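Chain IDs A, B, C, D, E and F follow the sequence of writing; residue 1 opens each chain.
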């Protein structure tokens, strides 16, 4: 599955000074789990970063009310953003598990407006073409982002925004993550920021509590391999997050698309 | 606009013992503002009552985050339900201001399932045909309820529910409220429970705070007629909620549809 | 509700020779119940008539499988059409109880194609604006028909059909029926064809059996007013179908829209 | 149908100086036919005005290609806007005859963004509740406008726009026009600007040519009442546009909704 | 295309005693053609099985009316289910060839309700990611199933069902079939139950009659390779259904997804 | 990515005499850029050809009004069609950048009607399964075409068309193009018609002008590799359109699907 992979090097300077990225994910913990190390690298190398969270994460607790779930996860997202040094979180708050195909144009337009306003150069998001992804919000997010990136640069899309001084602007680099089969072509070693990723994971208390309780439900009476929530989180999101690759143990992987030549 | 109106009398006994109503509204404060007195009458006269709240009210604060808004209003709804003696609140939590026509079948099916399970006899909801209603969530709620009431009773709608012992059941009485022109045909004097309606209104702290701040924004620097939030709420939701009608000052009004003869 | 009503006279000749009507209804029994007498009058007066049935009526039995329900009602519809002297039935077979707003353009285009091909002059259908109509398929049918009537006549709608010699053609007269409040402006006395309407009603065995069993369910143990299915059908669809009006007992009523002057 | 009508007086001064209106219609000729005189009055009395045209009018010629139709009508719209003294035309260019219910949220958001940016106080549009309106684009436009007017003022709708200095702003006055039955409550005498309305009508050459050719198609071989396109336009859009009312012959009529007190 | 394939062995005992599968397919003949042998193996090995048929197969005859087509294929499906020893068939009866993206949430919810009620452990369905599949109902079915499997296990999805004692339950194993390119990773030798698959194929008389008549239409006047419907069915669904693989001639193939470790 | 590729040979005769193809693309320049050489080959070898253009290309200029953009590109499309010897262009004119999933059934039906009427044997269109395609109109077009090809041949799809003598007809060959990763299996050497493709490219003046201005915007002040629009077009659409493959420099590539054997 992994062919022609570029291992992106870390730069000790600020090669991306002046550039802007937007990480666009449907769920609070996606930012950290799939791209936390990469975001840290980008910021360290000069990028200004924004989070755009598409859903309200309302289904992602085990035993809280939906209202409390939403509120807690909103707060956790902002804490993680602060930890990472993100400039601002935009919460679009679409109803979790209900994102659907009829909303793609409307969501795309909100993304295009932000991409233009923030002058976003680079997005990190879900792969619109990642196969066997069981959560539709992952690929729907990817599809909205993929179309928004180039339409944001066109003169005749949402032309009224020009009167508001929100000018056409192309997003030219894309890092797409996927949980299943994907045309991976870029890998980023995150071992140097693993401690930060761990801290961020710990802040996602509500979704991880839910996963742990589901784990216990599936492996009742201590029959599971994991004996504590900490061990569960450390193993599943850090130690076993990736198959070792060319000697690397801790990395994040992407289908990367760079600027077109023409 | 008001013709052939029946003024529904209060019964000192429990004529509705054994009956069940569901109040189905999109927003937390709709229950109280449009039907609070009527719900109290119904419960007093023997009904068991349920709230089904369709949206998450996420837009209904002035300066809170969306997460905090949702959580607060969820809690306020439950407090109002307790005050009224409601059995249970079902929060469907559709994204506020985004309810749309493509969701009507899915919402209708969730309503039908509940109407069957709870054996609902009577609904209180928004008039699906109330004109010049500027909030689409009002009439969309009405449309979903209107269709669910009779389809819930049909044998071949969602037939798989019979295997789960959730049997067909018709909802036969409907009280529809509207803010604008409507074929009003029933009025309920609520003066005897006005103190309870006032208490309930006070519990809706978040939406009323928002309305008051919008009022101040429209009438800056003390130019408005109201000098306090209490005066604003008392006047707009109690004192001036209705035009006096046949000597009644405090009432709630409906388009009522009773059981069909055939 | 009934103002400025024209009582349409019966003509002993063939004033409509050469004209074509399409009765467009969602359900098999709508043709007979709401417009059976009127269709008979039209055909007697020279019209060629077509049925366009939009749904498959799959929910309209009490205890048959959905497959058998559809098949039986399809056959019954064709028998009624034969009884009335209808040229042909077009069954569109949309899933009963699932017609929705997202389908309106697609349905409209199929209607426009037929209106052009059959050179339809007049439609009989549900009132798109009939209030307190609890069945969405009634007004959705009306809305699709209402738009199809004039778009069928326009040169640039579905222009590819011209290559197939299916030319633009306006539908200029509309008879809209409604079950609830409506701006009724035309009434047709059907007493002279009541025997035929009775025969047609009897052919709708499946839906009437369902209504009768629902009636028995609501009035168990012989508590109901009707003692037989025949009595139920005769009373509800013939004797009590309308309030007496200007001395007429048996009539069908419409919101009629004639050709525009301009 | 017309009750409690206010006849809005003409003011010789500039009572609306500093105010902004947006006329939002689906089609180029709607601006002139339904509200041309009223727009002229508003501008004369101090308003700044904008046109927001929702469709591309692609179906509104008789024998041009769709491309040429769109281009011509776009140009005609701008000429009419210039004649009226409109500040700017925003062409949203939705596909004519294809506006549908699934687009309402997306259209509403574009309208809200413009209403905020332009600080619109007053809208003129189609009545969302005008009955027997056969063109769905009329009431769909009305529905999008109706919801956009108040949501534009709310703090938590499209909150990201605040970062772009596009601040919440309520639209507080609405003039709704309808072709069929409507709760008309306001009338504006346009006799003093009739010559300007005539000039504007003449600029809508493409749609009027289409109407005239349809008229000839319906009344072939000189059988029609009108002998020239000029006579057709003068009669149908000026002389017979309204029934005389309280001695007025030339007026435009509306369902008007003013600012709420609360 | 076929890599890392596991050939699933047949167990002479009842290793799956107590487990439940649901085969979810859009069309009657999909059950048999794509998974008939596998279903027989599962039942033999202890599974209880259910069919969930999503469409009404209304298009799948050559010269019957749609009503008769639906009725016949409904009956054939039940005969096949009986032959296989299936517990029950749930016919959802969505309009054949009209399943679309707007229905995915509603269908998913009906599936989730059944998966919870029946405590489904394993699904057999179409691959949501099978490429060059020309029938949208195949991958739309897969998409609805894929999302329903894990959402069925979550606490906050359709939470009202808990009150009805329909508790969250994860579906943990998936067998996905595809007609075109797919990441096949599991193969089941069906030679031992080929006689049963042949019997089942014969029961699908209506769709096979349609395929045969289409075959004759494409190869008129005896020009085709097949001389009888039996030969056609035997060759296309049995003999040439698969390319020989590792010496196996008669097998069914899947993209299999097992329980996640975490 | 390119495996098992057939290089389709050029035939000096007219092997396809009597056959019909439809090239179905969303945008004017897709016909030329992706399949211009192939269309020329097909026509030379006997095919009659049609263009079906799904969108109105309204976004595809840099600084024209939307109306002028549409009109110009409509004209350019017809010029290209004339150059190629195409019989007729069908312009469906869906709003550019707004094609969405809710329209797939309606578009499919218009395609099926044309495929039947024109008796189309072969389609050239976008690959419905081409990955990392950032323009949704490419794969949505592919999806509508893919389903229309076989449904056009079925007896019970849009059965009313038979009355109009528009009979069921299967499209049996498909050439699918893609910009990104695709299962390419067929290549056509276009060097012999390169001069014609160049001429066609030059006719697409409006979209190429837009691309060139975007190029200049990305490479301001002469920093780009291309110094003129002619050089830009020649390089990106001719010289560097493909990686050299088996010694071929100028070719077009497809995922080809031929007639099924059964």
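Simple rule for what comes next: contacts are C-beta pairs under 8 Å (C-beta built on N, C-alpha and C of every residue); 3 or more make two chains touch, one makes a residue touch a chain.
Protein names from UniProt, one per chain: A, B, C, D, E, F = PIG-L deacetylase family protein.
Quantities reported herein were computed from a predicted structural model and do not represent experimental measurements.
Chemist: What shortest step count links subunit A and subunit D in the network of chain contacts?
Modeler: 1
Chemist: For the homomeric pair subunit A and subunit E, should the interface be classed as same or different, according to whether the shared residue numbers exceed half of all numbers used?
Modeler: Looking at both copies, the contact residues mostly diverge.
Chemist: Can you work out the rotation angle that lays subunit C over subunit E using Cα coordinates, in steps of 5 degrees?
Modeler: Fitting subunit C to subunit E on C-alpha positions yields an angle of 180 degrees.
Chemist: Measuring centre to centre, with centres taken as mean CA positions, what chain is farthest from subunit E?
Modeler: Result for max centroid distance from subunit E is chain D.
Chemist: With chain centres defined as C-alpha means, what is the inter-centre distance between subunit B and subunit D in Å?
Modeler: The computed centroid separation for subunit B versus subunit D comes out at 35 Å.
Chemist: Could you work out how far the Cα centre of subunit B sits from that of subunit E, in whole Å?
Modeler: A distance of 44 Å separates the two centres.
Chemist: Could you state the distance in Å from the CA-based centre of subunit A to that of subunit B?
Modeler: Going by mean C-alpha positions, subunit A sits 39 Å from subunit B.
Chemist: Using the touch definition from the top, which residues of subunit F touch two or more other chains?
Modeler: Where subunit F meets two or more other chains at a single residue, that happens at 58, 66, 98, 100-102, 105.
Chemist: Please list, in label order, each pair of chains that touches.
Modeler: Contact pairs between chains: A-B, A-D, A-E, A-F, B-C, B-D, B-E, C-D, C-E, C-F, D-F, E-F.
Chemist: How about subunit D: which of its residues touch subunit B in the complex?
Modeler: 101-102, 104-105, 128-129, 143, 146-147, 149-151, 153-157, 159, 170, 183, 255, 257, 259, 261-262
Chemist: Residue numbers of subunit D touching subunit A in their complex, please.
Modeler: 88, 90, 102-103, 105-106, 109-110, 113-114, 117, 158, 160-161, 163-164, 166
Chemist: If we count contacts the way the header does, which residues on subunit D are in touch with subunit F in the complex?
Modeler: 56, 58, 65-68, 70-75, 91, 93-95, 98, 100, 102
Chemist: Which residues of subunit F touch subunit A in the complex?
Modeler: Touch list, subunit F to subunit A: 58-63, 66, 69, 97-98, 100-102, 131-132, 134-136, 181, 210-211, 214-215, 218, 225, 232, 236.
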